[in-house]
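What follows are several structures.
Next come two complexes, and both contain chain A; in the first it sits with chain B, in the second with chain C.
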Partner chain A sequence: MVNGYLPTTLKEALELLNEHNLRIVAGGTDMLVQHHNLKTLPIDFKQDVLYIANIPELQGITEDDEYIRIGACEPLESILEHPATPKLLKDTIIEMASPAIRHSGTLGGNIGNASPAGDSLVPLYLMNAALEIQSIEGTRTVDIKEFITGVRKIALKPNELITKIILDKVEFTKAIFKKVGPRRSDAISKLSFAGAITIQDNKITDLRFAFGSVNITVVRHPEIECNYITKTVEELKQSVDDIVGAYQNFIRPIDDQRSNKAYRKQVSLNLLRDFIVTL
Partner chain B sequence: MAKIKFQLNGKPVSLETDLNRRLLDVLREDFSLTGVKEGCGEGECGACAVLLDHEIVNSCSVPIANVMNKDIVTIEGYSTTSRYQVLREAFEEEGAVQCGFCTPGMMIASESLLHKNPNPTDEEIKIGLSGNLCRCTGYNMIIKAIKRAMKDGDGKW
Partner chain C sequence: MSDISKSIRKTDAAEKISGQAKYVADLKFDHILHALTVRSRIPSGIIKNIILPDLPNGYYSVDASDVPGKNVVKIILEDQPIFPKTEVTYLHEPILLIVGPDKAKVKELVNQVQIEYEETTPVFEWVDSVIHYHFEKGDGSKPFTKANRIIQYDYETGYQEQAYIEPQGFVGYTEDEKVTLVGSIQCPYYVKNAVIQALGTTEDQVRVIQPSIGGAFGGKEEFPSLMACQLAVALRKIKQPISMMYDREEDMLVTTKRHPAKIHFEAALDESNHIQSIRTNVGIDGGANTGLSGVVLSRALIACTGAYTIDHLDVSGDVFRTNTVPNGAFRGFGAPQMYFAIEMFMEHIALDLGVDPVTFRHNHLAKQGDHTSTNGTFRDPIIMDEMIEKAMEISDFKAKRKLYDDPKSNRGIGMSWFFHGCGFTGSGEANIIKAKVRLHKEKDGTVQILVAAVDMGQGIRTTLRKVVSQILEIPIQQVVFDFPDTDKVPDSGPTVASRTMMIVGGLVARAAKTMKERWQETSFTVEKQYEQPSYIKFDEETFQGDAYPAYSWGINILEVEVDPVTYQVSVLHAWSVYDVGKAIDERIVLGQADGGLAQGVAYGYLEVMRHESGVLKQKNMTDYIIPTAMDAPTMETVLYENPYAYGPYGAKGVGELTLVGGAPAVAQAIEQAVKQRITKIPATPEYLMELVNNG
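After this line comes the complex of A and B, so read on.
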């Protein structure tokens, strides 16, 4: 039988992680489904478990002039309701799961799960989110794009925890999240897209695109985006075929039970085109 | 094994248990609260819904470890409240119950919704129920029942 640990402080949690080889569980909405086995009740974990959902240091949302910091164990529904949460992230969370799952599921868990279909990852890549990681050795900060290294693969040492998600405070002129999936509340995305633009004096000062479920992790290419900085919206619209063409090679979805390659690719590129032509 | 303490239907309870159990199994097996149903076991149907600190969660997706010092209300506890009476009558009037398997979860979802938002729009009701599946009614009757409860239970939420 595997053991469970229920620390009440972050310090205690980090010490436990340092001493034992532990599987982290936050809300458990991914972990319980992945490890539930009717034959072996209780949950069929393969290693001892560290339960972190209720550690106070991992909760809450704070903001200052530059950044918004979201505790890794803050439930998705509380993030949705918080006034400091950027609109793009709210527009994404409302499309995730059901209220019941959002009350227990956490943002740290969506990142830790590192699914190519993890919805929050799309706006987090777009917003250049950074993650605060702690171990008993100290604290480090890493960009989300460096942290997620593949399908369900993250650059986290066995004695480390994600403690916070850090977002720049940016205001876009327009930012959207689109998700294509079956039923709302059990809808693992077939694909998703986020686009954001800032326009000042008729010139584009910021342009960002991110695609979910069409590669091993979120697709984002600042080297394509930056070609259109200082251009006008009209010039951007005239370049729409070039932009769609530039993403062709990076959109490399797979066939699976939820959808197929051709559909995913076509619809992703349509969403990009639509974002641009409807500006 | 560890000692877990929480409020259950208004009373403090504690038990020695394996932390790696689902809240659903603890409620049904250790407390015989069988109004909490297992439908899918995967977080998708809402039949196992309970209130945790007055918000809906799926008890099949909550490890008992996470319930330490929390307040849990199941349909059994909720059915002793006057809000439940209003919902129950509204569900009956609108024909919102057929086989009844989804009903405890639907009532918990309705309470969670109305507690936070006493005057939801149709769209907000649909979002509030979006995690609960019903194989029988076609949902319209359930939505009507909630709207009736909002009217009849004026001031209760």
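After this line comes the complex of A and C, so read on.
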């Protein structure tokens, strides 16, 4: 028998987290599947549960001159519809699951779940997303790449909660997200890719690539990207083999029930190449 | 009288849309117990010891020692135990049931059962042939000795899961010694007869009732007999209502699937590029039990020439036993595997010869009067010429074929020609099924249709009523077709093999005509029994004669685009032309056409299921990918009328025809787009990448 807690304020939620060992459930769209049970039996949670989807402080989207802040429990579908949401994130969310699941699923949940196939993680890594984390002891901010430490592993203390996702307000000349799933909608990715570039006066001022589902977490390597800052697009295109080669060793996918290593690797690199050569 | 093809609202549309339809899981009983299954954790071995946990009061175990009758599930070939005594032959094979009032407790007890095995080496290779068939037409070998050219190819097809919306389930209860089972089934009398044998009882002691069914696709043909026997044994022991419902994952792991197949083809061609002889060898993976596999293999072998006439044939095939989940009935029943292979083979021969595939195929197309692969005769008119012309016209096939041959094009268009033999293969109807139907007129003029045919979505509750009301010239509301209950309806045979409208409907129409002659009588019953048309003679041993009473024909054309970066396939458009004799309800036939094609096309490129050492890798609807509306192409379907003398209003089979041509049409379209030969389905992006890489 497990207990479920349904706080209505952030303060209450943080106090409960501080007092008890709780499994946090946001939209529950993956958590409930992971703990599914025989039909007619209740969900098979192994520990007490904190349901956070009803907390107003965890919802909403705000923006100022520098940042966009997305409440951790803001449903994906609302993020998709919000005018402040960066286009790259919208282009990603529209590819996620189905409308029904997007009305329940949250961005905070997708991050906390830390699945290697979590689609939103790819643009969030690319956009250098930061996470606001709270506990009764206070608030801290952490980069997403520091926060996700492995397959379904996150740097979150038992009494902490992800409260906001913070994105820089940045405009790219071109930014794309490409999900490669087994069908056109409502499916878990075989692999995914995001690429973004900013060009000023014919010079590259910003260049970013991120790959999903091909390693324990999102693959992003600023040390490769920065080699091409100040280069022209033509120079970038001429370097395409070098760039693809540079990512070879970082794309380390697995064989599983959805696809295989060879396909995931080759198509990830194909997407990178295609992004560059079609600029 | 209006044309019977004119569509009316489906009988069950309102109850299904409103959620009022009662499926087996909706039926509530007081003091119901729940049965869960303890399953094998190894693919092959001997059970040495079973250690049960202490069962609390009111909890029971049910196993082989409780079976009062014969511990075998009655299917065609009786090699499946209801509960194994000593030997397990596949992973997740059911060993015993735990039954009790609290489902959570039952689940806990199931997990506590310990079984000690002596493991034996499982067989996963296709080496253990349990059924072998061979037949010839003409002289299959001789043309190879003097052939101008011999072309050979090997083809492979994978598993396909039925993926019905409603998983398998039964509830059962007893009244004195009588056992009643209510279940999601296609064949009430298969279940009844299996349970009679399992309980060693008499006909009057077993009753089987069908509620609303959430899809079946063949998956509820023979598998439910296993569950029903287990549940009946439990009911006899415990004598309290028991519910046995599979969850999705259990259902996908343990129920029958489409047989994977490997098909070898050789063709002997003469100087004028005409096929003189085809030699083929077909292997199908039967899984751990043979069940219906032999009949599936027969249908595949008989379909080996596709829609073509080939004068000389040498045809052989095997069912291989492996230590994997048993395979079984699935819409198409052996034909989808064979149509993929023969349609690709015809295309590949033409491409190898450097001749136009459409012309090449057309030169071999079957015509009325031709001999079938088993030396039967296509007696009825074949209107494929007209249908092919129509299909090519509405799809602009010729122009697109030419355009997409451009090396830079990543689009393709493919076309399949096919037929489906309607009803049971061979003499099954006359010798085994012997279908019987009744019509009963009540005093108030209401007419009851008494048949064991199940409406699993294909609309038979609507279309049979249409037939009766039209013949009797009474309003359709006056015709009643309740869910089958074996205490009330005669055995009109199973709801399989595209036979229901043609065979059962044909009998119902005959009964209605007799009823009309006697309409002035107040209350009476008319019964009709199947009589084989006298010209149908088939020798099961030698595969000689007319394997089917009638054939439905079809053409599918599919257009696709393949992403050159990701090798993903987008299915853009589909055009189909069918001859189903006469549509009893046009919209219902079109519904079958859309659904069947979606399922057949997905079989060709999308639906992946594999096992590794007997472990199925895709075991839920997250990992087993079926198409959504987003994946479906636009579909245009044209129906041609070509009435069959013995079908009601000329109707022939519909249900399976619409599936069998999907895979070869989409595979041909994909191969044109990627400029490579496809010899395996599903043609996944992973496989296409491999083909392109290997050039």
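Assume the second predicted complex is superposed on the first by the 275 of 279 C-alpha atoms of A that agree within 3 Å, B and C clash if a C-alpha of one lies under 4 Å from a C-alpha of the other, contacts with A are read in each partner's own complex, and residues count from 1 in each chain.
Note that in this section a residue touches a chain if its C-beta (ideal position, glycine included) is under 8 Å from a C-beta of that chain, and two chains touch if they have at least 3 such contacts.
This structure is a prediction, so every number in the text was calculated from the model and none was measured.
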{"item": "Chain B versus chain C as contact partner of A:R258, first or second or both or neither", "value": "second"}
{"item": "Which of chain B and chain C A:V33 touches, first, second, both or neither", "value": "both"}
{"item": "Which of chain B and chain C A:T149 touches, first, second, both or neither", "value": "neither"}
{"item": "Which of chain B and chain C A:D274 touches, first, second, both or neither", "value": "second"}
{"item": "Partner, of chain C and chain B, that touches more residues belonging to chain A", "value": "B"}
{"item": "Which of chain B and chain C A:Q59 touches, first, second, both or neither", "value": "neither"}
{"item": "Partner chain(s) touched by A:V180 [first = chain B, second = chain C, both, neither]", "value": "second"}
{"item": "Touching both chain B and chain C, residues of chain A", "value": "33, 38, 41, 184-186"}
{"item": "Complex contacts: residues of chain C adjacent to chain A", "value": "25, 36, 103-104, 107, 245, 247, 565-568, 570, 606, 608, 617-618, 622-623, 625, 627-628, 630-631, 685-686, 689-690, 693"}
{"item": "Of chain A, residues touching chain C in the complex", "value": "33, 38-41, 178, 180, 182-188, 256-260, 262-263, 266-267, 270-271, 274"}
{"item": "Chain B-touching residues of chain A, taken from the complex the two chains share", "value": "1-6, 25, 27-29, 31-33, 36, 38, 41-43, 45, 49, 51, 53-54, 77, 94, 97-101, 103-104, 184-186"}
{"item": "Touching residues on chain B, where the partner in the complex is chain A", "value": "2, 18-22, 25, 41-44, 46, 49, 52, 55-58, 60-63, 65-66, 68-69, 109, 112-113, 127-128, 130-132"}
